[in-house]
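Chain lettering (A, B, C and D) follows the sequence in which the chains are written, and residue indices restart at 1 in each chain.
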Amino acid sequence: MPHGDARQPLLHARGVRKIFPGTIALDGVDFSLHAGEVHALLGENGAGKSTLIKCLTGAYRRDGGDILLDGESIDPKGTLDAQAYGIGTVYQEVNLLPNLSVAENLSLGHQPTRFGMISVRAMNARAREVLSQYGLDIDVTRTLDSYSVAVQQVIAIARAVMLSGKVLILDEPTASLDAHEVKMLFDVVRSLKERGLGIVFISHFLDQIFEISDRLTVLRNGQLVGTEVTAEIDRVRLINMMLGRELEHETRAHGKLHEAAGDPRLVFSGFGRKGRIEPFDLSIHAGEVIGVAGLLGSGRTETAEVLFGVAHHDSGEARQDGAPVSLMSPRQAIKAGFGFCPEDRKTDGVIADLSVRENIALALQARIGWMRRIPDREQKAMANDYIRKLDIRTPDAEKPVGLLSGGNQQKVMLARWLVTNPSFLILDEPTRGIDVGAHAEIIRLIEELCAQGMSLLVISSELDELVAYSHRVIVVRDRRHVAELAGDQITTGNMVRAIAAPEREAVN
Amino acid sequence: MTGFKLLLRRILPQLITLALVVGLISIMFPGFFEISLANGRLYGSPVDIFNRGAPVALLAIGMTLVIATGGIDLSVGAVMAICGAVAAWGITEGYGLLPTLLMALAAGLACGLWNGLLVAFLGIQPIVATLILMVAGRGIAQLITEGAILTFNHEGMIFFGSGSLLTVPTPIIIAILTGALVTLIVRRSALGMLIEAIGINFRASTLAGVNTRVLLVAVYMTSGLCAALAGIIAAADIRGADANNAGLWLELDAILAVVIGGTSLLGGRFSLIASLIGALIIQAVNTGILLSGFPPEFNLIIKAVIILIILVLQSPRVRTVLAFLSTARADAAGQEKKVVEP
Amino acid sequence: MNSRLLPLLATLVIFLAAYAVCYAQYPAMLSTRVIGNLLTDNAFLGIVAVGMTFVIISGGIDLSVGSVIAFSGVFIAVMLRDTGLHPLAVFAALLVLTTLFGAAMGGVIHYLEMPPFIVTLAGMFLARGMAYVLSIDSVPITHEFYEVLQRSYWLMPGKGRLTLIGGMMLVVFLAGIMLAHRTRFGTNVYAVGGGVQTARLMGVPVGRTTVGIYALSGFLAGLAGIVFSIYTSAGYSLATVGVELDAIAAVVIGGTLLTGGSGFVAGTLIGVLIMGLIQTYIIFDGTLSSWWTKILIGMLLFAFIVLQKGLVWTSGKRRAAGG
Amino acid sequence: MISKKALVGAGVLASMLMMSSSVMAQTVGFSQIGSESGWRAAETTLTLQQAKERGIDLKFADAQQKQENQIKALRSFIAQGVDAILIAPVVATGWDSVLEEAKEAEIPVILLDRMVDSSKDLYLTAVGSDLVHEGSVAGQWLVDTLAGKDCNVVELQGTTGSSPAIDRKNGFEQAIKGHDNIKLIRSQTGDFTRTKGKEVMESFLKAEGGGKNICALYAHNDDMAVGAIQAIKEAGLKPGSDILVVSIDAVPDIFQAMAAGEANATVELTPNMAGPAFDALAAYMKDGTMPPKFIQTESKLYTQADDPQAVYEQKKDLGY
């Protein structure tokens, strides 16, 4: 290890091995974590990050290697066992119970009791006290699902720290948070660091890694690439470590204005829905990419849902090539040649138990009706075609899509819409939660599609990305479209200003 | 060819179970396999199993589709009573065979429509939505028969219960034809895949443009239609509509048949033929009990124990253990991985 | 207001409104007799519905309870007839038996990963089958202790009786409410209903809880069987057919979601009372034929579910629009 | 929901009007078991008819086969303050406390069709037939008809555990006791329904050499017999001659079968239990005449010699 620390590490994994049938998921990986340190863990999907975490927390039985905590060898039998040792984990999808109150979630299994009965007052008081350490002042008797994901995430951290208190593993905690919420979370992480916890931090966002971590460890294909002090490494080198190659596609300002040839393909005027998104005007040309920037909950997903008919618009109208078009349901939108890759792949996107082939054929089949079944041979050809084109990593087209990784599921979703040959495709966070390689491929694909004349509306919280491929960018705030940037105006700075600007010009 | 092999592998557990149950009966009752021709009709205990199993088999066809969408239909027994009552009423009122049959089938469709609307458009949980018709349906059937057993002597109608075609009893033919037809429609069209998609992920299916609500309604209507056929058979069999007892508790048998057929109650992948074999297994157990000569107070306990054994052997955990014993260790590790994934 | 309480409140409002309508038509409906009857006549249903509430909150279902009640009655009657045991000893033996029966079903559900619907369906057949094997006859209970139990009631003003079993139901409801909201077991039940995987990750002993839930349901079904045997002083293998469906309906009317995770024991009490009210109203009316009775019960069930859904939906919408 | 309330309101008005027109009439509560068979439906029809003829305001409550519902109904009748209660109890046991409540409220109770185990002073009288006797009438007919010939009998029982099933089985067994020529070879439940009657008979036929070993069928009710007759016919045998058929209830359909020579005998259970009950009630109300504790209706045996077609015509409109 290049930057060995004189102190004894808090958590030390030595030569951890994990073998799955056919693959070596972890091949003798070393990893060390000090008290009061934030240690980032990086790597593409499939690099072995999750496997390493699961071996550390005992969710997997490792096939070799030692794990030392405070210098003592430990062998956790499962998540709970790990917790007892002092190792807590918080996942991207909050692993708390939405139907229980905040206080119950915090104290589950450790409720204060009097005469065998739970003392609700003590439980709530304790919850309030614990959360106040994290700067949260909320009604702890309300159910968890009445709070935002960020708050839930902090509650999850609070619970993990309360129960373990030595090592905190954060597995992509920021994936569904907006910038403000990330800041709140990082404040929490910093304060925990000061309290002497060792924190393992996993994220795809390089900015965040540079901002929060002290050291970082990169894995690739189940092997340790290296551990570095964050302050001493630059971006390019880090990406090289992760990919083992130069990034072919560096994000840079696009600079080119879309040649608005002729009339727009789609014109939405006064389009909106009460309570979801204020009426907006939007026109889209063939071969144009429109970016949508804004924070989570600002109305960006709502914009997509209104356009696609998921939420019925209650004002305005839509015209396609000059003729009015009805968009009151996804079916009508699909009939008009729309496609929509939703943000939440798991619940809104893939049909987990159906095969890759069936998932790809689904939207096309739904459009041409149940009576005219796409013959198996055609389905297979279609699926194989896109498996090749989009480089979907799957042994064959018959594998249930739920068993694929997130990035590959995203590609299947894309393929599902591409086979319908849409004229207008809406992508909501197409690159969220997927590894850097797949990320670049999807961005290249977006550019390719628009070159072929498809119109795209892409929602993303990665502003660099929007700068790279958008011809115009709509900025959304407080459920309103507040700005439209085009050409040279499209810079991250302009977007951030538009997102952040308090609304002074508003009349009401 | 591979499709056939896949199918065989899918229904193999059910086939083995059926063979075991039948084997058990034939040990206790050696004359079991004797089949003869009487009155131009096949006659024998195996024929009885098919014949008596026909109503449950029909219910199981509709039930399979409903369960594949993640729902359940508790009302099918009551719907049988309603449709039987309509059929008996129509024939005694002299509407003629064809109009009467159409009326009975329409009644089944209407019941399915009601269930489907409650589930798909009012968003009521299937078990509650169909409970309403389960409670009220028998009342509706009695309203039609005015509480009495409405008897008829129309030869054409009776044919559907106790007639035969080319020596095969009509109910068997109806059940097989319906099963084949529904399988054909569902698998040759895209319906099967769309139904499975709805059962696995309703919201994602809607977003992919699947007409989820209409399909849901259609599935409950199919269930109603199957129940109507079963109701007509049941009424024709005894030449009368017995509103109180026709199809009583058969919904539970139908659900059991589907589960024994290996379709998950959570919805998703389904197999109609496996459900049909499931219905046969249940009827084989029933017929076996009748042939055994045990006192009737033991009927339920025998049935419960046999079904419990079948279900335990088919349970995912026991299957995993069996798979673990029969395949390589590596395979089992793969299984374990799937289970652990949070 | 806490949004969790909304369905409960909706149910209460519906109950009071329905009672007011009944009272307007038949003033005798507000007599202490009718109120006493509501408690006494629905005692066994209420007790079993408490167990069903826990099962449903955990995301399961228990179809066996009706048969278990019938089995309990026959078991008690046969034991009292054939052995010299005191009823209390028989009660204890029975409760152990039904609790174990429930626990066994819970064990099969959890450890064999089988759906509760099917496991308890088999349990339903099994329990009734065992009742048949014990005795197909209706066996009267003549023990003097039973007379004491039956004669212990408080005569309310207006000749209404608050009987022991009616009071017992209220006690069970109180205990159920405490168990649900004031014990770790109760929280664990909600947790399992909220998500089995997550609950497991958070350290909820899912297996123990599942077994406990069905054991509780079996225990309460046994208790309901004792109450039913006091109610009818007999054991009869054909008794209480379909009570599981009544219990489920009461739980659902009481605002508990069949999907699990949310609901209230107190709501179930109101659900039971609403069902009793409907029956009383139909009897007071006295003009409905057998079939119209069934149709009306179905229609009212439908009306209650839709009404409740509507109330929850509109207030949810108002909240969304407001916030 | 508003329209619903309006509906209920209209109902209030209508029932008030109706009440005012029958102010003088007695109010009698009638707790019926349910409508599980044609016979039961006929009993309900006749009770309603009889009440109407006498100007009695009958409160009808259907218990859907559940004792608990019947107890609820009785308690509601008491709370409502009816003048008398008729009840067809679903099971004999378990009526003590509710009958005591009725007694305390001084409401006379009359049992219809089936008996209860309770003390005799808890009810005014019971109208019904003797179920054991019915079974033995059927058994005696078989004994007489066979006149010593060997005969294997199969039995279709009613719903397992129900009192008619138990008593009719006992009565029949008593009658054939000591007649060694008659052997009961198989007995299964047919749940009192035609469907099950047919299905069980089919198995009997298979199990007994295609029916060659069976000489007679005894069914606990006519409905099961009607189903079984079809099964016998479908097996290529002649019911009524190859296999003798005797059953109980005397519903219209069995007379059709008898007219066609497919059934041999049935024992009548009259559905008119309410007539004698109302008579006894009227006498008691007038001057306190205590009726006998059990008013037994006739268990008349009908055979093919009794002009079954005529009986059918006479019975078919009684609501069976």
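Definition applied: contacts are C-beta pairs under 8 Å (C-beta built on N, C-alpha and C of every residue); 3 or more make two chains touch, one makes a residue touch a chain.
Small disclaimer: the values here were computed from a predicted structure and weren't measured.
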Reference chain A; chain at largest CA-centroid distance: D
Of B-C and A-B, whichever chain pair has more C-beta contact pairs: B-C
Computed distance of Cα centres, chain D from chain A, in Å: 71
Where chain C and chain D are represented by their mean Cα positions, the distance between them in whole Å: 32
Mean-CA-position distance for chain B and chain A (Å): 44
For chain D, residues contacting two or more additional chains: 34-35, 41, 44, 160-161
Multi-partner residues of chain C (each touching 2 or more other chains): 132, 136, 201, 289-291, 293-294
Residues of chain B engaged with two or more neighbouring chains: 142, 147, 297, 299, 342
Every chain pair in contact, whichever chains are involved: A-B, A-C, B-C, B-D, C-D
Residues on chain A engaged by chain B in the complex (per definition of touch): 20-21, 54, 59-60, 91, 95, 308, 310, 330-331, 333-334, 340, 342, 347-354, 358, 361-363, 365-367, 369-374, 403, 416
Of all residues in chain D, those that touch chain B in their complex: 34-38, 40-42, 44-45, 157, 160-161, 186-189, 191-196, 198-200, 202-204, 206-207, 209-210, 223, 226-227, 230, 234-236, 253, 319-320
Touch list for chain C against partner chain D, complex: 21, 24-26, 28, 31, 33-34, 37, 40-41, 44-45, 132, 136-140, 150, 159, 161, 228, 231-234, 236-242, 276, 279-280, 282-291, 293-294, 303, 307
Sites on chain D touched by chain C in the complex: 1, 4-5, 8, 11-12, 15, 29, 32, 34-35, 41, 44, 58-62, 64-69, 71-73, 75-81, 91-97, 101, 105, 117, 159-163, 166
Chain C to chain B touching residues, read off their complex: 61, 108, 111-115, 117-119, 121-123, 125-126, 128-130, 132-133, 136, 197, 201, 245, 248-249, 252, 257-259, 289-299, 301-302, 305-306, 309
